[in-house]
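The structure appears below as structure tokens.
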Amino acid sequence: MAENPVRAAVMPEPGAPPEVRRYPLPPLEPGAILLKTLASEVCGTDVHLWHGRLAGVPYPLIPGHVSVGEVAAVHGEVHDVEGVPVRVGDTVTFLDVHGTCNACWYCLVAKAGTRCPYRKVYGVTMGADEPPGLSGGWSEFIYLKPGTKIVPLAKNVSPDAFIGAGCGLPTAVHAMELARIQLGDRVLVQGSGPVGLSCAALALLSGAGWVGVIGSPEKRLAVASAFGADWTTDVMETTVDERLRAVRDATRGYGADVVIEASGNPAAVPEGCQLARDNGRYVIVGQYTDNGDALINPHLLINKKHLTIQGCWGSDFSHVYRAMEVLSRFGRQVDWSALITRRYGLNDVAQALADVEARRVVKAVIIPD
Amino acid sequence: MAENPVRAAVMPEPGAPPEVRRYPLPPLEPGAILLKTLASEVCGTDVHLWHGRLAGVPYPLIPGHVSVGEVAAVHGEVHDVEGVPVRVGDTVTFLDVHGTCNACWYCLVAKAGTRCPYRKVYGVTMGADEPPGLSGGWSEFIYLKPGTKIVPLAKNVSPDAFIGAGCGLPTAVHAMELARIQLGDRVLVQGSGPVGLSCAALALLSGAGWVGVIGSPEKRLAVASAFGADWTTDVMETTVDERLRAVRDATRGYGADVVIEASGNPAAVPEGCQLARDNGRYVIVGQYTDNGDALINPHLLINKKHLTIQGCWGSDFSHVYRAMEVLSRFGRQVDWSALITRRYGLNDVAQALADVEARRVVKAVIIPD
Amino acid sequence: MAENPVRAAVMPEPGAPPEVRRYPLPPLEPGAILLKTLASEVCGTDVHLWHGRLAGVPYPLIPGHVSVGEVAAVHGEVHDVEGVPVRVGDTVTFLDVHGTCNACWYCLVAKAGTRCPYRKVYGVTMGADEPPGLSGGWSEFIYLKPGTKIVPLAKNVSPDAFIGAGCGLPTAVHAMELARIQLGDRVLVQGSGPVGLSCAALALLSGAGWVGVIGSPEKRLAVASAFGADWTTDVMETTVDERLRAVRDATRGYGADVVIEASGNPAAVPEGCQLARDNGRYVIVGQYTDNGDALINPHLLINKKHLTIQGCWGSDFSHVYRAMEVLSRFGRQVDWSALITRRYGLNDVAQALADVEARRVVKAVIIPD
Amino acid sequence: MAENPVRAAVMPEPGAPPEVRRYPLPPLEPGAILLKTLASEVCGTDVHLWHGRLAGVPYPLIPGHVSVGEVAAVHGEVHDVEGVPVRVGDTVTFLDVHGTCNACWYCLVAKAGTRCPYRKVYGVTMGADEPPGLSGGWSEFIYLKPGTKIVPLAKNVSPDAFIGAGCGLPTAVHAMELARIQLGDRVLVQGSGPVGLSCAALALLSGAGWVGVIGSPEKRLAVASAFGADWTTDVMETTVDERLRAVRDATRGYGADVVIEASGNPAAVPEGCQLARDNGRYVIVGQYTDNGDALINPHLLINKKHLTIQGCWGSDFSHVYRAMEVLSRFGRQVDWSALITRRYGLNDVAQALADVEARRVVKAVIIPD
């Protein structure tokens, strides 16, 4: 075998173009797993990594924080989260992208795992040159350290469906948990990216009586409709007042019982408060980077409306686990692989990042071959 | 008896100075009660009524929506909310200031009673010239229509304590219900008016581990300290950064588990988001009129913080009932009558309104004699 | 018109055979509605009424507490719960079967509307001889008193679907509200009567990952399967241990996340505790009459399991409203009219009661023609 | 130094009398701490350990799962849970008595940490002969392995107060979290052992409007009264009916809003259901061993009452943390050290166990000198 047989796409430093580098296969310590990568997601976070917008990231970096692979080797007896032994040849994902420390105040007292300051995320917080290496999914192989949580792909879930759902689906599962949708609720989703589309799908699967989506461009809204949304509108071609009137009309004048913000646009927030009914719930899950301030009237939009606003950050293991359940259960109703617009090889990750940034694709996937 | 023996303070029309008028004693229909007023609250809402800032108010108006009286007459068998007959001579309050319709979508489906558009409130939504009249507490007598919910004053609760607490205490009980304080929680209250002071008191009685109050002026903060607050600061003499640092220091660097906004200042809202810890709770109960917009960064202050923001509007019967329990139970620990700065006769209501507006008093009370 | 033109089926006194009597059409007071009955449900409660097992029921009684009718006359302007005027010819149901007093401690403080001791229910608490009469659905006409809450049938909901769902569907909506099902939850329903079948259907519509039903006889379980249940078993042909093993196998050894009891058998309760996983939820909604005690080990089945057990009594207006939403939204997925086994005329109500009691039918319906 | 200088009380095997043995001081690995024991609790669990009633316990065993000690040595930089370095001479407790695995389905998906099957508990699941040894508090020294969660005693909390509260206080904090007491709630506690007394104290500190305790013997009830309970009764000298009547009288006929079971007697459970009001909450926290079945009528006591029953098992880190906050905050109001009836040396642990078993003491404490 060649000395450095493993090819990986690497971000050398903030702002620099990604390149393909070669790495050795590290020896497996007891409890470790070597995964042959089948597919790895490109998500908006990777664009931020590319531009160096996240603090505390060790470069050079092999990105790729949600991936599916085939177990190539395992050292000793390793179990998945339900206690089943992991075998060579299994198709699995690894969910320690959500590894929390279980030792700090946020983990133990506040029970706010997604705010744990010591989270370790493959493809984000582990540098390519830190031993043992191979710590991201844009690589032919991924080295899973002992203790990494392994989840086998359900038999009827394809790698395409899993990666199409990507990290947006667990995030949406988290948002749904906080949205507490009841049978018949009218739900309005702001945003038609991967998180917004997953929120719309999950609202429908949760028994919502009506689901509307405000987004853009048209082809993303078409996916929302294909998922079953009752109403969509293009945010670029309508005014706030028009949207407010349309949602009021669709909700007998009350406004939506539940609004989910998944747009990333600060201006969506005051609009979302208006779209919600009095005493409704508003889950804000899309403001993942600092895009500035919003002007909000706390009397009219919060206090007098008796509104509940819930910020929703990230996802934890339970959300990934439930995401797998959803993919397995409802794969015939909702085709998450339809979110994948295009697949890219390791040499094409720069193109993939550019396409995601320009919203030319809904979901880009790296196939490291 | 004179033809029009009952003296009442009346707001003739929006913006006009209040004046004393005389009214007849209406005959009691079956189920009605005539109450001899002992004391009636002046609250911020009355200042708004005076200036004509509330829509749909029928003038001329006898204000006074929280009052205590002695039963002067009762027509037939009338029971209080627990089924005990009401007798002449009883000291009672009447809680249909919170009368909801129990027939609309907000009451029945949304279960958002305080957003019922058909609420009837003595002293606010019933005109002085609508029969049977005497529909507000700034009057020697109050006519309680059949179906008005009667609550006897607990034996160990004085009219002074009840009116000192006024409508601020039920509002604070409502805020506490939504704040869901747990034993040891660190609680920060923004605002030192009647609602803020009651929130501070109730947080302490609910087992909070630390309670801080940001308010003004000094004498109101002194009441907070007398109630047991661990820390107070004058909002006029400190900067946002100083307050943020002080609260962080008092909460081991995390921020407050629970923040209660009771100030009415829109700028308090982004500050409150910052004062709360990640995954904390923020109850906004003080934005009772439109004082304009606030600039809020939804990424930093809501989404990434995984913050829960809860608008809290008004109070319902259960909050008034619990307020009476609190007054009876904890009257020795917290002296709500201390909120009363000054008592005014019917001829002095203009002065009372001016003193409330200028914040010269914490609580003004009308004694109609 | 004849003097007493309206035919109605009447229970003359506890235990006596029902008979058809004739009543006059009462004059409509302002706000009242006269409904021409299209269909009225026979439910288990009617069997109890027949045998005189419920306290405080005024005989003679016209039963029928869930009915659909066509508006034959309306005195003045009457609005449905969303403020839309009710017109002659509309197909409506009336939901004051859940009329609460909105004045007692249970309504106002405990907010436990279904425990209000003053609830008024057409067909149950109003005697046939009390003016204005026609107070139950087993009659050609029903007199709806002013204030009765009117809900129009959604356009795509047939009277058959509404009555097939009957009062079991709102009860199941209530149970689901308390069950708080999350996406992917494994749900086990005990019982295959109207409530159990509706619970199974609603769990599926709420995003459950697996739904099992324990019931009897086979044809009811066939309905559960047609509704989409993943697994059913006949309680008469399996042992507790077999069922426990089967549910463990279907839930990866953990037990069900949520168990819903809708069987009426006290022995189901300790079994249900066992079927639930540690820290699961158990909603008991089927114990509607006193069928005796159950032997429960509080250490093994409650405390050590960290189990939540939730009693669920009756339903309120919000549940009926949501039931209508569900029928309208999901009528194509779940055919509630399939619960109707047989229709009976007014002369055949004795047969209908006997068939319900002997479980020869899932749902019996009275068509008063 | 002698070869085996550390004296410890050991249970050699199930059922055998405890004896004092000597152990070596193990060398400290990096991150480990050696604690000089100041005091260690004797709790009911220790009696069960003595009789061999718990499965999977490795004998010989050094009991003592809640202890306070002075840091005698620390290897390297070790931080407490809030990130503060631990220094020689600090008085601390160690809270990994609640160490969960953070890797299994119960920890990660069900989020039911106290049901984690892999919990490690000093003094219970670690054998005296397993290296490094000194794994329980009935010993002159305790060896704290790396990763053990350290909590410094608050400055104003004495070891006596902390051990007097013992593991009963975190358990009670957990029960309160689930009881969700609101201001003015009437709370009834069944049981007057350490858990019951702590529940009564915490209910009072949480703003309960009335707290009653049913227990025995008289001197324990006297502690309840000293803590502030409004009413107590001796369970040995009253009948169920008398207690039911007394609680109804104290709660205006409704029953208690919240009932907490902390007695360990299965017969308390149906009584507790009766003592609770309709739509009340019942937390069962005292059924820690299998004392047999209870006869419960699910119609009358659960379904028709619309009752919530919540099993509560163990406690997690957050409860211990909050317990420390409570001790620090409310030490002047509630003297938990008053629960300590007697202190015992290492030679007297047999006597301590016998006294606890016979209920001759409320709380026994081991002082290893």
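To keep things simple, chains are lettered A, B, C and D as they appear, and every chain counts its residues starting from 1.
Assume a contact is a pair of C-beta atoms (placed from the backbone, for glycine too) under 8 Å apart; a residue touches a chain by one contact, two chains touch by 3 or more.
Keep in mind that what you see is a predicted model, and the values were worked out from it rather than measured.
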Query - Shortest path length from chain B to chain C (each step joins two touching chains) - result: 1
Query raised in the report: Going by the average position of its CA atoms, which chain sits the greatest distance from chain C?
Result: D
Query - A-C compared against A-D, more contacting pairs - result: A-C
Query - Inter-centroid spacing, chain D versus chain A (mean Cα positions, whole Å) - result: 41
Query raised in the report: Distance from the CA centroid of chain A to that of chain B, rounded to the nearest Å?
Result: 45
Query - Residue numbers of chain C (touch at least two other chains) - result: 82, 105, 111, 252, 321-322
Query raised in the report: Which of the residues in chain B end up touching chain D in this complex?
Result: 82, 173, 176-177, 180, 182-184, 202, 205-207, 209-210, 252, 321-322, 325-326, 328-330
Query raised in the report: Contact residues on chain A for chain B in the complex?
Result: 105-106, 110-112, 114-115, 252, 254, 261, 266, 269, 277-279, 284-300, 302-313
Requested in this report: Mind listing the chain D positions that touch chain A in their complex?
Outcome: 81-83, 100, 102-105, 108-109, 111, 147, 149, 316-318, 321-322
